[in-house]
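First subunit A sits with subunit B, and in the next complex the same chain sits with subunit C.
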Partner chain A sequence: MSGASAVPATAAPAAASAPPTADRWYPLRRLAEALLAPLLALVAAAALFSVFLLFLGQSPLEFVELVWRGAFGSWFSIQNTVQRAAPLLLTALCVALPGQLGLVIIGGEAAVVLGGLMATVAALPLVNTGPWVVVPVMAIAGAAMGAFWIGISGWLRAKLNVNETIASLVLAYIGLALFNHFVEGVLRDPASLNKPSTYGIGEQNMLDLVPWLEIHPGLPVGILACVAAWILIYRTSLGFASRVTGGNLRAAMLQGLPVTRLILLACALGGACAGLAGAIQVAAEFGRANASLNAGYGYTGILIAFLARFNPLAILPMALLLGGLDAAGGLLQRRMDLPDATILVLQGMIFVMILASDTLYGRIRWFQPRGGA
Partner chain B sequence: MPSDPRSFPMMSRRALVQGGAALAATAGLGGTAQAAKDTVIGFIYVGPKDDYGYNQAHAEAAAMMKKMPGLKIVEEERVPETDAVSKTMESMIKLDGATLLFPTSFGYFDPYMLKMAAKYNDIQFRHCGGLWQKDKNPMNTGSYFGYIGMGQYLNGIAAGHTTKSKKIAFVAAKPIPQVLINVNSFALGAKSVDPSIVTSVIFTGEWSMPVKEAEATNSLIDQGNDVITCHVDGPKVIMETAERRGIHACGYHVNQAKLAPKAYLTGAEWNWITVYKSFVTDMKEGKPIPNFTRGGLAEGFVKMSPYGPGLSEAGRKNVDAVKAEMMKGGYAVFKGPLKDNKGNVVVPAGKALAETAIELESTNYLIEGVNGSIG
Partner chain C sequence: MSDSLATVLLAMLAGSLRVSTPFLFVSIGECLTEKSGRINLGNEGVLVLGAMVAYATSYETGSPWIGVLAAAFAGLLLGALHGAVCSLARVNDVAMGIAIMLAGTGIAFFFGKPYIQPSAPLLPGIPFGWWSGSSQVQNALLVCPLFLLGIAAAIGLHWCFNATRVGLRIRIVGDSQDAALALGLPIDRIRFLATACGSALAGIGGAFLSLYYPGSWNEGLSSGQGLMAVALVVFARWNPIYCIYASLLFGAAGALGPSLQTVGITWGYYLFYAAPYIVTLVVLIITARGGRSLAGMPGQLSIGR
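Let's turn to the complex of A and B:
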């Protein structure tokens, strides 16, 4: 269903195209098509949302101005946006990587909280060894835990043919329950009376803001991960095999592609990204594992991955867009007296429009390959 | 606001024009233009302002303050307990010119509010929850909280007079001291009416998870409990379920009588306006705002909802009488000998813990007569 259709439709024509010299401009037009469709969708969502605002008796112009100011208008606003977008880059990859195989994984939230918890647990015996030991250990532990947790869904899919969407969702509930059980039970710092938390990893071991820019340290990690994921998907045979599998599972199996291994790998890599996001949140923001980790990063990541049509490079602008809307949300509440849910309405409209814009691909002849006959 | 629907397009166009003008104006001014020297106060809530619960209790007080002269109130709802709240505080300081901030959720305090307080040491921060310590935390921060356990004790008396099955119920969020004090107080209130009454408690594990709260309520009612109360952030679904299932309910956080007109007996409510008003008065008189404030029924930090139709005359008299005792101050709900529900003595004979007792703040037990476990 949506998973399969969201896999870039560009893959098929590229493979099937006629002599490559016949249509030299086709790749550029294809790029234009890929940029134009979401842009149109955003414009349509904005128009729809303006109507909504007018019915509330509010000015769309003021809304746009406030979103700009709250999200991108000053260095403070940009820091605010980036801080919210940083974990989303990684949690979106948790959806986009398995998405290449046509899998829809929606349980990234559990990978985030369990990754953060495991990172904290791994750091606790090492608090006196200094950040150069603690931070890498946390990153590895968080990523490994996330990989394991999402890997379960992949394994169930590959071996037992259990629907991965349902499995990952149910596992997300189990993961959260386990997280609460440990944080409120054996791992709880008895001094954290009314907000159960684990012991802290120590102020000296925490990640600082990126020097000079003073932005969230998760941003460079997220950008690197997105670029690496893009290379993996579009520039390696492994990625090609994954996209083939996503396009047609039976054909891939006939070709002798290692489908089971691909599914496990994609799920584990995606889970590792989400687990890493949890580890970074602990190392950069919380300093300990507690319910703050369960802030919905995993769920917003799903939205972003779909908006980006599972393309890791497209995740970057989409995460900034949603992070920016989130950052501006406060200013909108304070200045226009709009409820927080207004931003959710806008997000919903964008989501529906982007999904609808999927049908545009291949419809406009100008963008299609020419030549041949 | 015009109420005639036909005037909608007109109004919208006007709003558009105004918006355009505002855009032009703010583009030039940088947008912080405010009416001359109003004191700007920021409120930050973890959930929606209209949750019929914890956040609404603060938002109702904020709404009252909006009507007071010389104040400008800015609010933000649904701010998670992450660095997002640091940015919200910073944004209120930088963009709105706030000089007094009330981050009202427990998890905002450490590290977020403390970090912001160190960065902006001329801004006053007061946190709801009671964590401030003189030797550890800066003087531009502080905390305030109310002893609402007394209100749950009174709820328990009302429940004790109402229950026919002698089984009453409590839907709780997390087994932390603040919640456990409320569960124990409710149970003790009911036992003061009839010692055979059993209180069953279910912990949902989350501060706000309406689905689980509804499930817990339904299963507690199925087990024969006929009065219910709770400690979750938004009691809405619990009150509505009680009303629909035809049992009685005691409120928590704010007055929920509207949600359950037949079921509602009474409720333990916050009365935060008392605190906020006194802070603002201090500020206007140039006095320092206190760093550590606490109070209960007697101090007006907590109040009880008006009685609903389900509470008998005898019940009302009993609640009134105990409340009058509490208003004198020093009333002790926890009196020894008191055992927990595993048989251990938690308050020895001859000892009485008033609401201010420091021992209560590390409560980690459910008292005898409570059916449930915190393990």
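Let's turn to the complex of A and C:
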């Protein structure tokens, strides 16, 4: 069950006689440790899932082969993977940015749907002005709505000391109820019978696929957002202050860091990313707001952020991995007769293992600083 | 007008008695876990898994009561997983709960697929409304035995916390790790057992969902009751008896929308659907106002920080 923790601690002899200089290789070993632990967790989850498949009389090798084929095997499947990964990049940031401050925000789903709804509402009066007006307005409206919605959780945390995890989740349900109320009420296009939807933003205003590559337009936006977030976190004093706060709240307060403002900012930025994801989904895929927005991107984003240990650059491969698993779901269903919940089981196993692997940090001596560092 | 008001109130009472039972079981389970100083958001997954296992077992064996037992056992296993992994150093119990939620839901959906169609034998209700001629009243007072079992469990847990050695140990471990260490209590083992038993109770709550009300298994069965129970425990100040009242209140809030629908008020159906969540949020805000030293809060709880 906790296979990852059974790794023998390779206790290297402590360099007792080391000169009192800084340990030059420590940053590299720290990086290796940060890579090793999630890798071991992924291996352990894969092993566990293989046992699960064998128990069902299915072949793990066939599973891997089908996932590879369904996710990355052809340009078509890569397009499919990217289409699913693009919103995940942004929703993972909704967890990773507040995560720098030690906050666990799990309400990104509501920011996605409300962001998509607000983007649609903002676009409706402008339908005839052309995409160069509509698309930026949608992006701003979606991001602002997301920032507001996650910002509420941050405000409750910073000002009233309400636990942000539960608050954001409860707000997610409230946000979904609001979304349904509007989509099935005032904003409903009477022509949408089976699937209640708002009025459309107009074919001419929708985002095209990225030219030449023919991939989802959310991908470049998501990559830019992840790189920007990485710079913000690791290369600015604002990011440093956030990481200090996440490491030790009291020390940060003692230093006079603006903890309240940092919390509000991180939550608002994270929410803006998730809201933008909703706006992009509407602008690029649906053309209107409806229940398709509520596809669990917010929840998968949580898993990706934890897999990436809240590092925005690590979010890129992890989002592709999970987007790929999702994209392969249909193929798995057809070829191996596995229900779509199979991916959910695998995700659950990965998540449990990744969190369990947190216990490895600091356990293996070889990775620790030596000498007079 | 007063007639329709009576209808709404009666429907809310009926709804409250029904909707509150899963809240009751998950909240006393969560209360037990939190008293030992750990939080388990995974009870949402336990609820869904419990519902599936109960329904499947009831269908296969023909006895809903075996289904209830099986749900409790499934909850016990999932809670044991949470308890075991959380006792490793540096593992964040809040995040782990989300992982358990995902895993439990995934397993339930995976194995539950074949049971969406067939109908399993359900739990019988106890007719407390026999004295009334009105079929509405009779219907409202048809109480599930699990509801009574839940109240008994809450009272039993309250007694356990306040009058037994086991309860005292759980409270010590939850309130002060230092004191527990000084007394030589097996901290990890106590927390592990409290988490597993708490999840077993939550599993019974899931059995209620699939075997009594709404009384079928499908993938949208739980609407976050397992997570709302965490807020409910805060509201109940970690007191199992107050958990009963809090569950009834949440149940009534959940029954608001459907009750209004019975008298023809359909406007804002989805907004009324959000009522229990709004209650949860208000409760969180009110109880958090006092700052860190919340009365009754176990000292080692990570959400207290």
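The working rule: the second predicted complex is superposed on the first by the 351 of 373 C-alpha atoms of A that agree within 3 Å, B and C clash if a C-alpha of one lies under 4 Å from a C-alpha of the other, contacts with A are read in each partner's own complex, and residues count from 1 in each chain.
Here is the rule we go by: a contact is a pair of C-beta atoms (placed from the backbone, for glycine too) under 8 Å apart; a residue touches a chain by one contact, two chains touch by 3 or more.
All values reported here derive from a predicted model rather than from experimental measurement.
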Clash or fit (per the criteria above) of subunit B with subunit C on subunit A: clash
First, second, both or neither for A:D189, with subunit B first and subunit C second: neither
Which of subunit B and subunit C A:A167 touches, first, second, both or neither: second
Partner chain(s) touched by A:F306 [first = subunit B, second = subunit C, both, neither]: second
Partner chain(s) touched by A:Q58 [first = subunit B, second = subunit C, both, neither]: first
Touching partner for A:D23 - first (subunit B), second (subunit C), both, neither: neither
Touching partner for A:N180 - first (subunit B), second (subunit C), both, neither: both
A:V345 touches, of subunit B and subunit C: first, second, both or neither? second
On subunit A, the residue positions that both subunit B and subunit C contact, one per complex: 177, 180, 184-185, 339, 341
Residues of subunit A that touch subunit C when the two form their complex: 1-2, 5, 104, 106, 156, 160-163, 165-167, 169-171, 173-174, 177-178, 180-181, 184-185, 249, 299, 302-303, 306, 339, 341-349, 351-352, 354-356, 358-359, 361-362
Subunit A residues within the subunit B interface of the complex: 54-55, 57-63, 65, 69-70, 76, 79-80, 83-84, 177, 180, 184-185, 193-196, 216, 281, 285-287, 290-292, 295-296, 326-327, 330-331, 333-334, 339-341
In the complex, subunit C residues that touch subunit A: 41, 81, 84-85, 88-92, 94-96, 98-100, 102-107, 109-110, 113, 223-224, 227-228, 230-231, 268-271, 273-274, 277-278, 280-281, 284-285, 288-289, 291-292, 303, 305
For the subunit B and subunit A complex, residues of the former touching the latter: 1, 8, 11-12, 15-16, 18-20, 22-23, 26-27, 31, 48-49, 74-84, 87-88, 90-92, 94-96, 106-107, 111, 129, 174-178, 205, 361-362, 375
